[in-house]
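Look for chain A in each of the two complexes below; its partner is chain B in the first and chain C in the second.
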Partner chain A sequence: MAASAARYLEPVAALPRRIPRPLKRFLLVSPALVWIVCLILLPNAFLISYSLWKNELGTILHVWNVHNYTELFSSQVFITLLKRTLLIAVVSTTCATLIAYPLAYVVVTRFGRYKTLAALLIIVPLWVSYLMRVFAWKIILGENGVLNGLLKSIGLIEKPSTALLYSTTTVIVTLTYVAIPYVFLASYTSLDRVPKHYYEASSDCGASAWRTFRHVVWPLTRPGVAVGFAIGFVLTFGDYVTPQMVGGLSGTMLGSIVLQSFGTADNWPQGAAIGVTIICTGLIVLALLSLFTRLEAEIE
Partner chain B sequence: MSTEARPYMRRRRRESRSVRYLIACVVGIAILAVYIFLYAPMIITAIFSVNSSKIQTLPFASFTFKWYSALFADAPMKTAIFYSLKVAATAVFISACAGLGFALMLHRMRSRGKGVIQALLASPLVAPGMVLGISLLVNFHSAKIGPGFATVVAGHVSFITPLIMFVVLQRLKTTDPSLEQASMDCGAGPLRTFWHVTLPGVRVALIAGCLLGFTLSMDEIAVTFFLAGTQPTLPVYVWGLLRFGFTPEVNAAFTLIAGGSLALIGAAGLLLFLSGRKRRKVVQLAGRSDAELAAATLGAAGAAGLAGRPVRAGSLTGGASS
Partner chain C sequence: MATAKKESSDVSTATRAPERVEVGDAPRSRTNVVELRGVSKVYPGSDEAAVADMDLEIHEGEFFSILGSSGSGKTTTLRMIAGFEQPTSGSVLLDGADATGVPPFRRDVNTVFQNYALFPHMKVQANVAYPLKMAGVPRREIEPRVEEALERVSMTGFEKRLPHQLSGGQRQRVALARALIGRPRLLLLDEPLGALDLKLRESMLLVLKHLQRQVGITFIYVTHDQGEALAMSDRLAVMNGGRIEQVATPMEIYDRPATSFVAGFIGKTNLLDCMHAGGLAGHAGSMRLALPEEPDEARFVLSVRPEAIVVGEGSRGLGNHYTATVGDILFLGHEREVMADIGGQRLMVRSNSAAVSTGDTIEIGWDPADAVIVRETGSWRPQQQGT
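Here is the complex of A and B:
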């Protein structure tokens, strides 16, 4: 009886009393810590250390140096690729944001009870094979593709255009397509949190729809958009499937050389160095975004 | 009052009815265009999977199922499919156990480390697949584990676990803690309470999370590519096919995968929706409809719920905080 009375205040996951509290807490968290160390911290640490090791004809010598980085950043090819990858990622994520945010706004404000369905329909493609979605663009944009066939049958062009596939633009279109659901999701959740009476109050005070958006909705949802943009950017920046599939030579991105370094070129340290560069770029963009999107107001 | 209201009224009247209709039409067409943009690739692949011509172009030649039968006659493809299923099942099982445990742990944690742990656990979900792939590859290489079944499963587990964790966490937020306390009061031990009270409470979310994780595992290529040894999973095998020349079989394979994924997502969504509705009768959930809850959970899985947090920990001021 006394035992059960003493037990009732303890949390469910409680271990026997004998173990001191701080240790108990640590034991509770420890599986997660082991997990984090094994699957997240160690891999990244090894990635960094590999990038600082020397490669000699495919074998890795454990000699610490920064040769991989100096070689990369003095190589014209790498700089060109880095610039192009940045450009592609920024342009496609910006396009995705310009499409997804207004869409989310209309869905939240105008669709009423169907807004959840409309939002789900946009998110569902995220769950369908990435490879399939990218590959389909090859069918659509290819020389004998659907778009060319369509244009020809309308009579807009005489000969199938080869300009559609294997270019930077193709990669941008495909990555925009890939990024839209992510940006939409972030925009939608933040827009959905703005209470309905904020719109009403603003309009009661005489503000037009545009002014309501500019002074009430946008400041409240800007951080959400930034989150969406950040995710979109990071995912498109580190992608290699799309450039390999639809990019051709002029659509090559950093991811493609990482693939090469770990595959045919067999130069792991170089690949690791590029990987670290990609991670760092992603972190820098996150930091910049967080600088520019300080929260001005918060929804209660 | 009337003087203040006048400019507002005047502005409203200036937009005539026809202009409003025009705007509505333009917006409607734009929205339709986005939906078409999102779904066209999948629909086109499905259409071409039953097109008898070997060249992927319009006009449509004739209807056929021969690519599907060719698919099932292709021995390496079949091996790849079964291997993928095995990987997915193993990965989902491990992830379900780990994800449930982490969700319960995070739900009960009150200390400051919670946000950091959550963000770190979620990071594989928002990291680009390539980064996750190569970092795990060098990790296993250093540990002298060759690429193969174990590494692929580990790669998949690393991003399915946070997914399941978030779906379960979402559900835990709406459970009533007094149920567990009541169970303990009645003399049930921690294990019994877990089995009879906690687990039934999150069961549906757990199943839904598993279904979502399963589709993710079946489709995953970016991570798997680096970790697969000699035996490729289905997407890796198809990727190889695409690089060395194309057969319309691929369309058939994609259509089947996509169909399977959609069925699993549909099942997961339905489960969450229905259980959300049942739950609402028991637990009062202020202001959130069932459909919204299901969507939020699915969405959380997709990115936002997750994404908001890791990015926040990266000091981006909380977009997804509430």
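Here is the complex of A and C:
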């Protein structure tokens, strides 16, 4: 017995190791490394370097300075835009969360075995091109749009209103719509993870549906909502398509300025500086959010 | 609404008299804490009733078990009492008042769930305090009561732990403390020991039984384990296929099973398909039998427990006496289980004698009074389990 076992074991032990261990380890990690270096580290390094170089009538001088930043933060226009962009992103993501989370709650708790179908229907808009979705709002809110037509036909207004389109509110409405599926997805996943017997146990302990929600369901799903909010925020904060299509002048956001700087203005260093500012602001907001994602619990 | 709101009277009386000690053997008042009247439950999308036309009365202060294999409807019954499910027809009465349709949080009933269902984000302290908090008990009152409840289940010192930092048995005890802290009229336990290992089960059985005596709350205990049910209960109901087969004390269930299912499910037994031959005589195949009583029908089932069958010379004077051939022998340690063949009828008997071996001829017999005529309801076979 022992002899035969040894006979079977020996050839395996004697197999030549073709690839040395450290190299093997490196090869295994390399796809991830390539990904991180090419798609995250390098672009950001370029962006930061550009933001620290000097622009001389469209040509870039490789002189290190913080001129781009001082100029930005002394510009009243930039400060206004930054504030507005923050406001628009926070308000629209908050609205999206206020709509998507209750929606997800209802779907998870009330739809039974149809909940997957219901969730799918809510996410379906994501299959349509982003431009199409934003354009749809133009059709709804425009001067000859669906909403104006409706208001006119029921006699609420005399002539079509131009106030609906091209304003901060329009951008908020559209971005809210854009963010809803993402926040919904994150909320739905976290709500779906709360087992039914927690609801039952809470009810059994004398808690009404509302108190069960407040004391059990919300604390357990808050991290998921925070993740959804973060995704929505990042998405809306850097957006430039929506403001350009439905925002008009009062709906302009930082993203549009970045596009202009890199495009028509041909001032890459300035565009890069705005880009870095956007990234840093986003990171600060995400850091604040991460305070809400901590949960010291394990759902069985 | 008579179905007692949790907060009010119960809590305040409880704080005045911290220990509602009731002696287990004292005659109990005959109030029905729970009464089911013609209750049926058909789940949507299913043709078969999970519970069919069930009548049941559970008395104040008793330890009542519902015993059945999985899919027998025992958990559904419990969930209807708790209010998690509504009966398709019939009514559920709690303390004599109709509670059908009353949501769980308005019922003076608490449940210990099979998987404990402790809230994972709350420390033990918060978990146990939860029912009191929901009932609006002042904070300074909550703390000593949580302490007392944890002490009762020997979990003092674990207040600051989270549920996932506890072992299965500890979680079980915290769940018990949480269910008992509001001093409900009724405690429902859904296979509470199902997830514990054997040693822990045994000690938890004692904890439960002791606790029930101490607090005097009515317990309804759902289990598939006949040993647990027999050991713990004042009375128990045996369920099969959504129907109650028998409700009786453990001793009655064991000694006088009403149906062939009960006889087969509780302990081991020999079930003989018999024909009536007039008076107290009958026959099963070629075996002639003396009966304990006159059967109602011409065909009936006779249950004879293996331990009622005497082996050897001692069986000669008994009402039923046969010579049998020994078939298979199972050695169980403290005794042997012997299959005895009497003209084609196989009977399981017990023997302590090492002298018995396969192929031998032995004498067996039993007193007719030790056998029971049972109603045929199909016998329990393990492979038929499941849903």
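Quick notes
What we mean here is this: the second predicted complex is superposed on the first by the 275 of 300 C-alpha atoms of A that agree within 3 Å, B and C clash if a C-alpha of one lies under 4 Å from a C-alpha of the other, contacts with A are read in each partner's own complex, and residues count from 1 in each chain.
The rule is simple: a residue touches a chain if its C-beta (ideal position, glycine included) is under 8 Å from a C-beta of that chain, and two chains touch if they have at least 3 such contacts.
It should be emphasised that the depicted structure is a prediction, and the values quoted were computed from it without experimental measurement.
In the superposition on chain A, contact is made by A:Ala287 with chain B only, not with chain C. By the touch criterion stated above, A:Pro219 is placed in contact with chain C alone, chain B being left untouched. Once the two complexes are overlaid on the shared chain, A:Tyr50 sits against chain B while remaining clear of chain C. Touch counts on chain A: comparing chain C and chain B, the chain ahead is B. Once the two complexes are overlaid on the shared chain, A:Ser208 sits against chain B and chain C alike. Applying the stated contact rule after C-alpha superposition, one finds that A:Asn144 touches chain B and leaves chain C untouched. Touch criterion not met for A:Val91: it reaches neither chain B nor chain C. With both structures placed on the common chain, the touch criterion links A:Tyr198 to chain C but leaves chain B unconnected. Overlap of the chain B and chain C contact sets on chain A: residues 206, 208, 295, 299. Considering their complex, residues 4, 7-8, 10-14, 25, 28-29, 31-33, 35-36, 39-44, 46-47, 50, 99, 103, 106-107, 116-117, 119-133, 135-137, 139-140, 142, 144-146, 148-150, 153, 177, 180-182, 185-186, 188-190, 192-193, 206, 208, 221, 223-228, 230-231, 234-235, 237-241, 244-245, 255, 258-259, 262, 268, 271-272, 275, 278-279, 282-283, 286-287, 289-290, 293-295, 299 of chain A touch chain B. If you check the complex, the residues on chain A that touch chain C are 195, 197-198, 200-208, 211, 215-216, 219-220, 295-300.
Here chain C touches chain A in the complex through residues 6-7, 82-84, 103-105, 109-111, 113, 115, 117-121, 130-131, 133-135, 162-164, 178-179, 182, going by the rule given at the top. Of all the residues in chain B, the ones that touch chain A in their complex are 4-5, 7-8, 11, 27, 31, 34-35, 37-42, 44-45, 48, 55-59, 98, 101-102, 104-105, 108-109, 111, 113, 117, 120-121, 123-124, 126-132, 134-139, 141-142, 154, 157-158, 161, 180-181, 184-185, 187, 190, 193-194, 198, 212, 215-216, 218-222, 225-226, 235, 238-239, 242-243, 250, 254, 257-258, 261-262, 265, 269, 289, 291-292, 294-296, 298-299, 302-305, 307-308, 311-312, 314-320, 322.
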